[in-house]
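Okay, so here's the structure we're looking at.
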Amino acid sequence: MAAEIMPTASLLALLAPVILLLVGGLAALGSEPFLDRKAKHTWLPWVVALAAVAGLVSLAWTPVGQVHGLLALDTARTWLVGAVLASTAIGIAGLQQSLSRDEFEGGEPYALMAFAGVGAAIMVMAADLLALFVGLEIASLSIYALVGLRRDRLDSHEGLFKYFIMGAVFSAIFLYGLAMTYGATGSTAYGAPVIAGREKLLLLGHALVILGLLFKVGAVPFHAWSPDAYTGAPVAVTGFMGSVVKVGGFAALGAIWLNASATASGSHVGGVLPLDAAVTLTAQGAALLKPFSMIFLVLGLVSVVIGNFSALRQVSIRRLVAFSSVAHAGYMLFALALPVLADQGTSTVQLGSLWYYLVGYAVATAGALTAVAALSGKTDDGDQLHLLAGQGRTQPFYGLVLTIFVASFAGLPPTIGFLGKFLIFGDLVGKGYVVWAIVTMLLAIVGAAFYLKLLVSLWSAVGKEAASAGSSIMTRWTVAAAAIAVVVLMACPDILTRPGMALAGPEPVKAAQAP
Amino acid sequence: MFESLNGALGPIYFWTFAVMALASAISLVFICRHPLSAALNLIGVMLSLAGIYALLHSPFLGVLQVLVYAGAIMMLVVFVIMVLNQAKDHQVPRFDGFSIIAIILPVTIGFSLVGFLGKQALKAEPTAVRAEIQPISASLFDLTAAGPGYYILFELIGVLLLVAVVAAVLLAKRRLDDPTPAAEEKKEDAHGHH
Amino acid sequence: MLSTIIDWIAAHPYQVVGLVLPIVIPLALFQILPLLVLMERRGAAMIQDRAGPNRAYIPIPFLNVKVRGFGMIFNLTDAVKLLFKEHFTPPFVHKGYYRIAPAIPLITGLLTPALIPWFSPIVYQGGVLSGQTIDANSGILMLFAMASLSVYGVVLGSWASNSKYSLLGGMRASAMMISYEVSMGLSVIGMLMIVGSVSLTDVVEWQGQHTWGFVVQPVGFLLFLVSMFAECNRNPFDVAEGESELVAGFHTEFNGVKFMLYMSAEYLHMIVASVLIATVYFGGYQLLPIPGFGPEWVKAHVGQVLAIGLVGMALGLLGFVWVIKNRKAIHARSDSNPQDKAERAKEYGLYMAVFTLAGLGLLGAAGASWALINIERLGQGWIDFITAAVQFNIVIAKALLFCWLFVWVRWTIPRFRYDQIMDLGWKVLLNVALVNLLVTAVVAKLIG
């Protein structure tokens, strides 16, 4: 027997957050043609943002369970869906900031952002490769269009083109892997038992599926698109895509990985595993998965190296965030691979630190870029570091929240980023990878250097009174909420749990031994 | 007599389609120099695949393959190629650096697939009807709790298509705010006069 | 050896017919082409109130009569001319595609009859002989697939011609095909939803048990009709040809047999489209739009049904004799030269004689069929086949009506502009089809 198998839940109750956001998006899309340009940017963001917030609130009443083995909701998934919805609300605020400043002609981007949120939430909730793929495509297609919003800009076209073409190729690779997995197991569910004699086919299928997902999360060596796509997108979209795509992609990666470790240990009996399940890993399973864990670790390390050193030289905040997101993908790969690296004998696998890091990263990224959107001046070029100089003094509120978010990126103490990194480094040391821990720590300090550069520029006194477009109420509220969340989640990580299920706590629920 | 005739024809059909598919695919990648020839070869691949689907007792899948891929999507591709008829890159070299990847990758995957599957062939009931309309609709719209729940995905795919439409309009429409062509022309005139 | 084969055929009549039909039916449809061409030319003349095709004739030596055959002789001269013309290939074309392209529409056109239910399924000892050669559940989808493939002939030919006019025609054809396929599929789904099956045989059987499709799906029928006009590249949707601005559109650079292939494919598609409309919305092989006269009733009274049909044809012929008589009188009063008058008088006399004889013969055949064709005299096998033949002719008769509609529309409505076609397809037909689908679904659900 493995970890808890999730009970069946009512469909509508389970999907309530997603449905609320979807209805918000549809309402925005349907009412868009009847509003004039100013009204579009006044009302539509509110419709979508309120829908996202309603979804966020409804998460408090959603059941723990799964429907048809396709979609599931448990503590970790609840929080990740929450992160997606929060990122959507924050992103909508930033988008309103950007679009109303640019006097964009259409109101569709708001609806698209809602749909992207829906797709990412489905990715998180998916317990089946088919559901994952549909969610992935909904999120990807919306985000392609959002990246290309600034239609008069060449870099926007470039980013869109690169992202779209490469995304399509990797979607195909993912689908190819899905087909092979189906051929090997006769089912599209995560961790379905393999048919005897088709283990290698399953391996190939899983490899391709993971390849596709690694592209989506922008880990090395599939990170080439992210700087251009991040730069091409409007600032708010950069933050939004950075957070929701990562949440969706890593949730899927983690779910597949968790199921794979359960299957490899022979402790998977079908049904849907919760993401916060404590899977008992046998020595045999650990031996089977160790090479792949090492691959993840190496990819993670390379991601951290490339991300951090490339970010050092950037002057555009979007490009900086792009490379820093590559580095963060590296840290998250550590969090993904480490729990499976058992020394010997049976151990318990929990991906709590990954989920924790992910929630923190998502909220901080969306918040930071929305704050930058509010700070940057008349055009999107205002996200260049020297144009941002002194903005912290002219607009202390945004300066303050941006500081909090950047501190979270850098992993400085009063923020969630600190605890996330701390869990990973602690795990590295605990598993005996001391050298890795030291190297990664040093790299994190390299990363802190460019975050510091950003902060110095933000608060420096040299800046002129660069005219800011002013910020809306929604931006202020959402960004403030995100900043508070970043601090509060650090202070009491225990709220990331539900009764009976531990997320990152020291005492995992003991699962029965495998027969 | 006719049953035995069908039995004898089955392998002939299969090998015809298989050879056609492979020949079209190889020609598509290595021989064609013009995009239109490549597109036509792709249509050849799709038609052959449709035939193989039909042989596998999945006629619905085969028909959809022809209708959707060969008929609609490739028609769109051909249309685009024709629009770009005068483009400079309408002749590409047969072999370049990318060809190496195009050889190595499929060969690797192909061999590994053959290696995995050759040892343990995918067994399937040869006469079972699979992708036919009734079984597909039955499993797609099975609303019972014990069913596969694909209706949820069906609804989500509706969202996906909506997103695709909105995204395409957002990216490709000439002017977002004023939908009528007359108004567009008027605007252009106004710009011209000032 | 030969006798064994004959014996075997006699022992397995249904199987042999099943084997032969897939070849015979497309060829039979092909024989309607000259009739359609004639219909087009006569129809054009009639609608435009001018002289029709009457210049080509065959002189009959001893009777000293010139047989014009109401313009039928033009088909012969056309065929001779197109077949024996020099096979000129312009030097600038892409040779391979230029040669392949004209065959594609014809091939798909000849494949589609295999998917039409021409007669009700015949149950015999040890099997069922279906009216559809390919009795697939997804038959109608396959029909659409074939229709969509046929456009490649136009597109490929236009591209291979390497001429701007052709290319423009081909691009229009491909864009139009994509646009109208959507509304075509959506409009027919309403009918399929009511029937509850995608199989065309089921659709026709349902119409026999209830009523014909255009009664329950009038909007769907109109949409389907319009889409079919577009799919056949017929006026008012023949912008791919567009001779007023594109010389001759996609077949500007084609001549001789290749041109003939394109032309015959166009008419073949017209027939198939008419047959499809008749099958889905006008009862296919069903005799009457009221229940109670289904295939079983026809089979029980096949002699009488056949007799009534023959009488109808005979009356038509005799009526035609009366028309010729009037024409003859008119011509005699006209002021053309005496030699011409005499020739015409002889020609008309010949026609009147032939048609009167034929009409009387048909009347006799009708009487014979009423009296002789019954199950006691002929046995089950012949009755089955005669019923099938009668049903086939019912379908063809309905289809010919729609062929006439095609001709009628062509010479009545001017060609649309290209952007008007796109507007109609995407902004009108598609939306109406969706609404129709929605209403149909709701009503069908409510009725149950």
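Per-chain residue numbering starts at 1, and chain names A, B and C are given in the order in which the chains are listed.
Throughout what follows, a contact is a pair of C-beta atoms (placed from the backbone, for glycine too) under 8 Å apart; a residue touches a chain by one contact, two chains touch by 3 or more.
Predicted, not measured: the structure shown is a model, and the values here were computed from it.
Visitor: In graph terms, with chains as vertices and touches as edges, which category applies: line, ring, star, complete, or other?
Guide: line
Visitor: By number of C-beta pairs in contact, which chain pair leads?
Guide: That would be the chain pair A-B.
Visitor: Which chain lies at the heart of the structure, taking centres as C-alpha averages?
Guide: Taking the mean of C-alpha atoms per chain, the most central one is B.
Visitor: Between chain B and chain C, tell me the centre distance in angstrom, where each centre is the average of that chain's C-alpha atoms.
Guide: Chain centres of chain B and chain C, defined by C-alpha means, are spaced 32 Å apart.
Visitor: What is the distance in Å between the mean C-alpha positions of chain A and chain C?
Guide: Taking the mean C-alpha position of each chain, the two centres sit 60 Å apart.
Visitor: Quick check: in the complex, which residue numbers of chain C touch chain B?
Guide: 15, 97, 136-138, 141-142, 144-145, 148-149, 151-152, 155-156, 159, 167, 170-171, 174-175, 177-178, 181, 198, 419
Visitor: With touch defined as at the start, can you tell me which chain A residues reach chain B in the complex?
Guide: Result: residues 8, 11, 15, 22, 29, 37, 67-71, 104-106, 108-109, 111-112, 115, 118-119, 122, 130-131, 134-135, 137-138, 141-142, 144-145, 148-149, 151, 160, 180, 183, 196-198, 200-201, 204 of chain A touch chain B.
Visitor: Along chain B, where are the residues that touch chain A in the complex?
Guide: Against chain A, chain B makes touches at 109, 112-113, 115-117, 119-120, 122, 145, 147-150, 152-153, 156-157, 159-160, 162-164, 166-171, 175-177.
Visitor: Using the touch definition up top, name the residues of chain B that touch chain C in the complex.
Guide: Those in contact with chain C are residues 1-2, 36, 40, 43, 59-60, 63-64, 66-67, 70-72, 75-76, 78-79, 82-83, 85, 132-134, 181.
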